[in-house]
Structure formats: C-alpha cells, structure tokens
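The chains carry the letters A, B, C and D, assigned in the order they are written, with residues numbered from 1 in each.
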C-alpha cells in the first residue's frame, strides 16, 4: 500500500486530533474533530476497508458531528473560550502514549508487512452480517432504538 | 518502505492518547465525549489494522467489530449529548468542574 | 374424511367451548354478538357431528379410538382419549340438533334479559362439556366433563341469582348430584386400582374389554353400583331425584336442554357406556347390579308419574315426567335392552325438549305465569304452540304408530316383559304408561282447553324465532319414528351392530294393541276426570283439582312429593346441621385452647431468644456497623465528584497494568 | 456490456462506436502514456474523468441557470432573460463575470477561516458525489464497491458545510437558515436513504453499474424493466424525488433561504464568487440527486423502448436527467413555499413510514416471485400502509399553529 499517502494521512489525522484536544474555540475544535474522523476513514480506505470508512464518514460527519455542533449551540451560555487546560491530564496522556509506544515497539510479533489483500466486498460483509453476526446485528438494532428513545426522553422539556 | 503493523499501532496509540488528553484536559462536557469518541476511533483503527495484517483470507472479524463499535459509538454519542443538554437545563452550565453534586 | 374427523373429533366439544370463551369476553351489551357466536358454534358442532356420523354408517360395529397420554407419574401413564362409535355418534347428533333448536329458541326467550350474554356463555359452555362427555373414551375424562356439566347446570339453575329460590335450587342440585358423584368417583378409583386403566377401549386392554374386565373379577358388581350412584344423582333416580323438579327454577330453555334432553340423560348414557361392567359375569343377562338398576328405575318411574299428577306448575309436571321417563330408560337398561333404552333416550330428548320449549312459549305468552290452573283456552291464542305441544304430548304418552315415543316405549316394554327375574316391573311400567297419558292429558286440558283464566287473558303467539324451533322439534319427534319401527328397526340394529332389513309383517304386534288400549285408557280417564276442570260446579270451587276434590289426602300426599323433601330435611340435613354444630363447638372450646397453648409456648421461647440477643449478640454487631460507617466516611472522601479525576485514575490504572505486564515479560 | 445486437436503421457497429466514443477516446489519450509507470496512468485517467465531469456539469449548470429563468418566465407569463446573446443564451457568462468582479465582503465579526472554508467544502462535497454515477455504457468515472454508500457519505458532508457557513458568518439570519437547512436535510436524509434500500435489496449490490444492469431488458420490447414500473419502485421513486427536492433546498422546500423571512439563509453574508460557489453547489447537488434517481429507478442509460437502443446511452441518460430537472423547475414555478414545521411533520409522519413500507413491499415482491403475483402483493402492501397513514394523519386542525423546535 501507498506509504506516502499513509504518512500524509496520519500526519493530518494526528494534527487534527491535537487541534481538537487543544483549540480554544469550541467550534473550531469540533470541526477539527470532523477532520480527524475523515483522516481515520481515509486510513481505513488505505487498509482496504472501504465499507467501514464510508460508514465512519457517514455516521460521524453526517450525524454525530452535526449533533455535537447542535448541542454546542443549544448549550450556548458558556460557549466561547474553554479556559484552564489541565496539565496533569496532559502529562498523563503523554505517559500513556509513551507506555503504549514503548510496548508496541518492544513487541516483535507486530513488526510485519501486510499480506496480499483479498478484497473485502460489501457483499461478503453483508453475508457475514446476515449469517454469523445476525444476533449482534439485532442487538445493535435494539440498542439504537433504545438510545433514540432515551435521548428523546432526556431532552424533552419536562412539563411544569 | 511500506508501513508495518507497528506503525499503524503507533498512530492509533497516538490518536488514543490524544483522545485521552481531550477527555482529561477539557472542561467542557461535550469535549470529554469527543475525546471518548476519538479513543473509540483509535480502537477501531486497531481492529481494522489487525484484520488487515492477519493472514488472508480470513473471516472479516475485525471489520465486523469495527462496524458494531461505530454503531454503538453513535448511540453513545446521541445519549451523551442528550444528557449534556439535560444537565445544562438544570445547572445552566456544561463545565464539568461545577457538576460535582455527587461528591461523597 | 372419516380419518380426519376421527383424528379431530375433539373439535366437536372444542368449538362450543371456544365460543363460550369468546362470548364471555364480549361486553355486557353485545346481545346480538353473543347470540350469533353461540348459534354459530352450535351449527359448526352440528356439521362436525354429521361428519362424525357418516363413517359409523359404513361398517356395522364401527369403533374408532384415539388415545393420548395426559401425564405420567412414576411408571404409570395416565391416558385419555376419545371414541367414535354408534352410541357416541347418535348422542352427538341428538345433542347438537336439539341444542341448536334450543339456542335459537332462547335467543327469543331470553331477549331483554340483563345477563343475556352470560346466559349464552354458560349455554355454550354446557354444550361443549356435554359433547366432551359423550365422546370421551376414558372414565376419567368422562368424569371431568361430568363435573363440568354439573357446574354448568349449577350456574344455569341459579341464573337468576337475585331470586333466593333459584339460588337455593342451584345449591340443592349441586349438592345432591355431588352425593352421587362421590360414589362415582369412588367407583372410578376402585376401577383404576383393579384394572390399572381408565380407558374404555384400548386395543384389547381397555377396562371395557375382556382383558380389563377379567381383572375386575368379583368386584365388578360393587364398582358398577358405585358408578351407578353417579348415574342416579345425575339423572334424578329415586333417592336423589329431589333436585330435578327444583331445577325448574332456571330459565325454561335451560330446563329443556339440560334437565330434559341432554344432561339428565347423561346418567343413562353412562350406564350404557360402561354396560360391560354392569353385565360382567351375567347369568342369562342378570347380575346383581343390573337388578338394582331395574328396581330403582321402576320405583322412580312409578313414583314420579304419580307425583306428576298432582302438580300445578307446568314445568314441574314436565320435570316429574322427565324423571319417570328416565326411570323407564334405566329399567330397560337394567333388563338388558341397552339399545331400547338408548332409543328411548334419543326420542325422549326430542319430544321432551319440544314439550319444554312449548311450555316456555306458553309461559312467555302468559307473562311468566307457570301455574296451569291460571291458564286455559290457549288453544286458539297460540295455535302453533298448541299443535306442537300436542304432538309432544302424544309422543310422550306414547301414542303408537305415528310418534317416536310410542315405538321406543314399545321396545322398552317388550324387553321388560322378557325379564327372567320377575314380571313385576313390566306391570308397573304399564301402570306408568297409563299415568303418563293421564297427567299429560290433565295438563293439556288445563293449559289449552277450557276458557281463559287470569293469566291467559292477554296471551299471544310467540315470535317465529321461538315457534320455528318448536316446529322443527315436532317434526323430528314424528319423523324420528321412521327409523324406530319394528318393521325397519334401523336404529336398533345400528346400535346393536346388526344389519337392518325391512319387514312389514313385524309392524303390527299384539303388544302394540295392548299399549294402544292403555294409552287410550289413560287419555280417556284424563278427559273424563278433567272435563270440567277449572269450571266451578256446585260443590267444588274453580281452583281445586277434581282429584283433590275426590281424594284430598291422596292428593296432598302427591302434591307434597310424598314428603320426600321433608324426610330429607328431617334426617340428612338435620344430621349435617348437628355435626356442623358439634364440630363448631369442638373448634371453639377444644382446638382453640390447644392452639393457644402452643402459641404461649412460642412466646416463651421468643422472649428467651430476645434476651439472648440483647445480652449476647447486639454489642458485637453494633461495633461492626460503627466500624463500617467510619470506613465509609474515610472512603467517601476520595469520591470527589469530578469526572475527570475518575478518568485520570482509570488512565493511571491502565498505565500501571501495562507496566505490570511489561515487567512480567 | 456492449450489446452489438441492436436492431435499427443505423449500422450496429456505427451505433456502437458512437455509443462508446468517449470511452475509446479516453483509452486513446491514455495510450500515449504507455511508457509511464502505473500510478501515473491511474492518476492521468482519473484526471481525465474529472476534467470531463467538470466540463460537462459546469456547462450544464450554466445552461440550467439560464433555462430555468426562461422557463420560469414562461410559467409566470413574462419573457425570461433575452438580451445577452441569441435568446439570452450568454446570460450565464455575464452573470459569471459580474460575480467575479464583485467585491468579496467578509463580515468583521465573522470567523474568517470557517467563513472561507464553507463554500469550498460544500462545492467539493457536491462535485465529488458526481463521480460514482454511470453516465453511459462503460461510462462510470469511478467504480467504487459500495458507490451508493459513497454517494450518501460524501453528500452528508454538505450539512456540516452548511452549518459552517451559518455559524461562520456570525449572523442571526445565517444561523437560523443553517439550522433550518440542517434540520430538514437530516430529517429527509432518512427517507432518501431508506427509499434506496429496496433497490439495493432487489439488486443485491451497492454498485451503480450493477443496479443499471439489473434494469436492462424489456417485455414485448416495449415496457422496460425499470424499477419505477414496480409498485414499490414507483412509490420509492416519488419519495426519493421529494426528498431530493428537500436535500437540494429547492421550492417548495426552500425555507432555509426563504428570502421573505430570513434574508438568504446561510448565504446571507456571502457575496461575489463565494455566493456563486454556493449557487453552483446547489445546482450540482441537484444534478447529482436527479442523476442518482435516474440510475436507481429510471433504468440509468437504458433506452425506454428496444427499437431506440441505437441512440447512444449517454444521450438517454442526459435526456432523463433533463426531464427530471424540468420537473424541478416546473415545481418551483408552481408551488408556494411550505412552512418549516409542516415540512418536518411531513418528513417524520409520512415519508418515513411510507419508505419503510417500500422496503417491505419490495421484499414481498421479491419473495412472491417477481411476477404478476408479486406485483399485486407489493401493491397491496403499499396501498394498505398508505390508507392506514392517511387515516391516522387525518387531523382536524389542518392549519396548525407554527411551532419552532429547531432554533431557540
């Protein structure tokens, strides 16, 4: 697979992610979150999982990002600056990253090159979903319905 | 050079810890949520990467898990945001520092 | 087709059951819906019965059995099932046909009743239970359905709960039959203990087949008698007949369906069904149990016929005639004429239902007046009712040649005459025939002839929904005799697995002439006695019965039903009161003391344990709880309510875990 | 894919060659690059496709903009633009020049970055979508496995772009417009996608080419096997068409830029070339939606009757496309603007259930053996659901008081 594309994409993704974590303006941060997700989706494409990438874009850009900006607008009172970064958190994050990277680099078994990809068609995914993953699918459906109803109930104005 | 699994894992680790950073350092409730979403995305990246680098052909387990986790993340986002709005209605703030009524 | 119906015979009772459930679920106002549902269920049942009837025609002695396991306990498997043989088939036909007529009739009769819906629910329920009883191939299943019909009859007798008399009658019927059923149940248990099965027919080892019977041995007679107790209770034979006349408190269609046509016949049917047990080890057709059956039947027949003469309530007269007819059937079973008995049962089902419905129509016309002395002259006002009623009366009093009742009665008398033990029953039955003709004539005269009296002033003919069933039943009562005549005794041979063949010569027999004479005598006597009933003459006021005028003591004796009720209330009821009082006294003054004593002991022990708690245990527990609380305070301090603190703790934990694994590796 | 057995008075090979002229042309151009490495060829071919697409659709946009104005003029009984060039056909050129030389105003309080990014993003989203539609036999620019999904995924970016526009230009009207736009877009995205489901189910593939191929063939050479001729297909097509109207903010669903209430919705603060970009994006989006509708339901580039198959496929495609576009314009000329709450109610109470009904009836059609029986059965399903809905939704208060649940 294409290494240049990979490098560019990962740089983009991580930069956007960092922006998300640090930008002061909430709206900018949110948009950069969207960019992050686009980057991740592109990485998925690179890894030959087009379908998942498309689903990711579809769900996150199309729905979740919009939801988030809406929420930001609805809770507008203290939008604007989001002050006072928490340095302990930053340190902890860096520590975790260090630990993980160290562990990954120590592990030799993951230093492998991708085998030749047998393209994963949507048809195959569909068959898998409908045969061996049908119960999880049903459960997710129920879960989503429950989440929908729950969210509605939560944001309904309580009559007083 | 073509990227090895290692590189992917490192990238996803970076993404993960960035999400952690967002979740820890931000004061705005929504951004904690966003941080969690980012961590989930990193996890999905891991799944996909491991599936890709596993000996082919092979049942697309990683892909499946990624799809499901995306669906669940969407549900989580919806409920979480609804919660944020509900909280905002009560306390007129979304700053998690001020939302500590549950202290012991 | 035949295969299908045999497999699905259970549908026949199931349909009315379902209908009754559906009706129960209806709102109380839904009269039309209830009626439609009930009648539809009945029609379906009728059609199914016809389907079930067809295969039995093809081979003589047809018998199809379908058994299944209800449940198993230990190594016993309790099996139920249904059977389709001529007996069941004709009963099915009769019940569904008569039932249908009565359902239709009662849609008219009960119209405007508050509890219309409930009524039809009960009615369908009853019909389902009865059909189940008929087809059941297991004494247990039969017993269940038996109890269900008992329940249905209880509910329907007490249908007008607001009347205390109705409630009392319902209770009486229930308890009285329960006495009989007690015996029945004992017999059932005994039978199971001896033969190990309750299935009638089970491929050679059912309890009615040679193998099963052989296992009964000497105890067969006692078992038979115990089962007969149930029959006595259900079809109002002599000692337990008292409930049937009171059961007339229920709505008239109920009296027609349950207490004339079907349920009371269940006793007879039961005896016919388990006849092999009765006749087991018979020496030329005579066994102890059968003899008992005969005598009880004779007593009932004669006594009821006598009482019927002196009754004034139109329905009570019919009730007593029912009792006596049932006695007749019992006799014929007892003397070995199963077929004759069943034939009479069927014929009786038709014409008695007809009579009751006629009575119902009369009552409906007379604004719910039941005293025949207050009626009269209805002949012109209600022509249809009158004609059909007359046909019914002829059939009942056994006018030969044209009416089904005549032929069947002939059969009964015929078999009774050849009973080897004694000829006494025969003579009694002859007397019974005369009496029957007599009291029916009396009733007819009182109700339809003469001039109008108080109740019949404004009577008018009932609506067609009531008259049409009458006509249907009347035509049944006549046409039914086609298959009964000795010239072509189709039904007889159908029931006794013979092949019917036509022979005109057998049509006229000396016995026929004899009974003709008897009936003529009865009717003539009736006409002579009651020619000016209800018309005051110089000595006798209008409302006194001519017989009463002639024989006051005799009349009162009969009118009070030979004081049997009084006798019972003096003996049985009084005894049960006594015992109840006694046990009550025991309860208050003996058992209570005992229980209180134990209670005191318990309190003592409780006090002891309480003190132990106080002194010994509590302190330690208190200490523990205090310690826990302190600990809780300590821990809760760490519970800052800051989400991100928690998050960071989690992250630290993850990191620590990672490092730990690294240290392991 | 090429079908040489085409009866007609043109010689089959001639017609075939005309049909494939663009494909062959592209191959010919690429054949000059044989010496270059593979990825260069790849990039070059995609560049060629992109250029072709841009050329075709930008010119179509120009043509459309003027034609729409002329047709609206006819409908409203007046002349359209008729001054610039013959029949005013050069009007778009003039407009373009005007737009280009206009001053580009950025509000002082606006978020410059976002305000700048929004039009680009929206145009990009609109154009990228065009890539997966088959415009003719072997004429799909980019064949992605799961192209339909790609279409919607890329299309859903539009909402974010609209939002950026609304929020970036720090203006009440813009915000309100954006809110409305997003609200109705999200609400109508559900019926839009769910009405695609039956087609995907029946064809068993997300690839547009397969879908078009599945609609090949005729009965008696007269009735083509397009999905629009199946009951579920017809219903789905109607629903899809309406949702498309909403997605591209056209009348009667153009509340987001309802000039009578909020000046121009999320485009209020835009001027000059950025405004033109929004305009372009809107039209391109329209083309994309109609193109997808053609592909999914109207048999793509197949000809309506067999005898006319000698006419090149892309001609047919664009004929259908322009027919649908004409209907858009027609509606715009005919219908008044609906209220936002009415739009919402319509979406959630009618469109969504109906589209589910489409899915079900497609399944019914599939399992009741695709023949007349299936036809009747699926029609039955549709009819039942429709009548049930019409009974349920028949409220007495037709003119409900307007309620805003979307912007506080």
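Keep this in mind: a residue touches a chain if its C-beta (ideal position, glycine included) is under 8 Å from a C-beta of that chain, and two chains touch if they have at least 3 such contacts.
Bear in mind the structure is a predicted one, so any value in this text is a computation, not a measurement.
Visitor: Going by the stated contact rule, which chains contact chain B and chain D alike?
Guide: A
Visitor: Tell me which of B-C and A-C has more C-beta pairs in contact.
Guide: B-C
Visitor: Return the distance between the CA-based centres of chain A and chain C, expressed in whole Å.
Guide: Distance between chain centres, rounded to whole Å: 76 Å.
Visitor: With chain centres defined as C-alpha means, what is the inter-centre distance between chain A and chain B in Å?
Guide: Centres of chain A and chain B (C-alpha means) sit 6 Å apart.
Visitor: What are the residues of chain B that contact at least two other chains?
Guide: Residue numbers touching two or more other chains: 20, 23-24.
Visitor: Residues of chain A that contact two or more other chains, please.
Guide: Residues 51, 55, 63, 70, 74, 86, 88-89, 92-93, 96, 100 of chain A touch two or more partner chains.
Visitor: Which of the chains touch, listed as pairs?
Guide: Here the touching chain pairs work out to A-B, A-C, A-D, B-C.
Visitor: Any idea which chain C residues touch chain A in the complex?
Guide: For this pair, the touching residues of chain C are 644, 648, 651-652, 654-655, 658-659, 661-662, 665.
Visitor: Using the touch definition from the top, list the residues of chain B that touch chain A in their complex.
Guide: Residue list for chain B touching chain A: 1-11, 13-28, 30-31, 33-35, 37-38, 41, 44-45, 48-49, 51-53, 55-57, 59-60, 63-64, 66-68, 70-79, 81-86, 88, 92-95.
Visitor: Looking at the complex, which residues from chain C come into contact with chain B?
Guide: Chain C reaches chain B through residues 635-644, 647-648, 651.
Visitor: Under the definition above, what is the set of chain A residues touching chain C in their complex?
Guide: So the residues of chain A touching chain C come out as 86, 88-89, 92-93, 95-96, 99-100, 102-103, 106.
Visitor: In their shared complex, at which residues does chain A touch chain B?
Guide: 1, 3, 6, 10, 13-14, 17-18, 20-22, 26, 29-30, 33, 36-37, 40, 43-44, 47-49, 51-52, 55-56, 59-60, 63-64, 67-68, 70-72, 74-75, 77-78, 82-90, 92-94, 96-97, 100-101, 104-105, 107, 110-118, 120, 124-125, 128-129, 132-133, 136, 140, 143-144, 146-148, 150-152, 154-155
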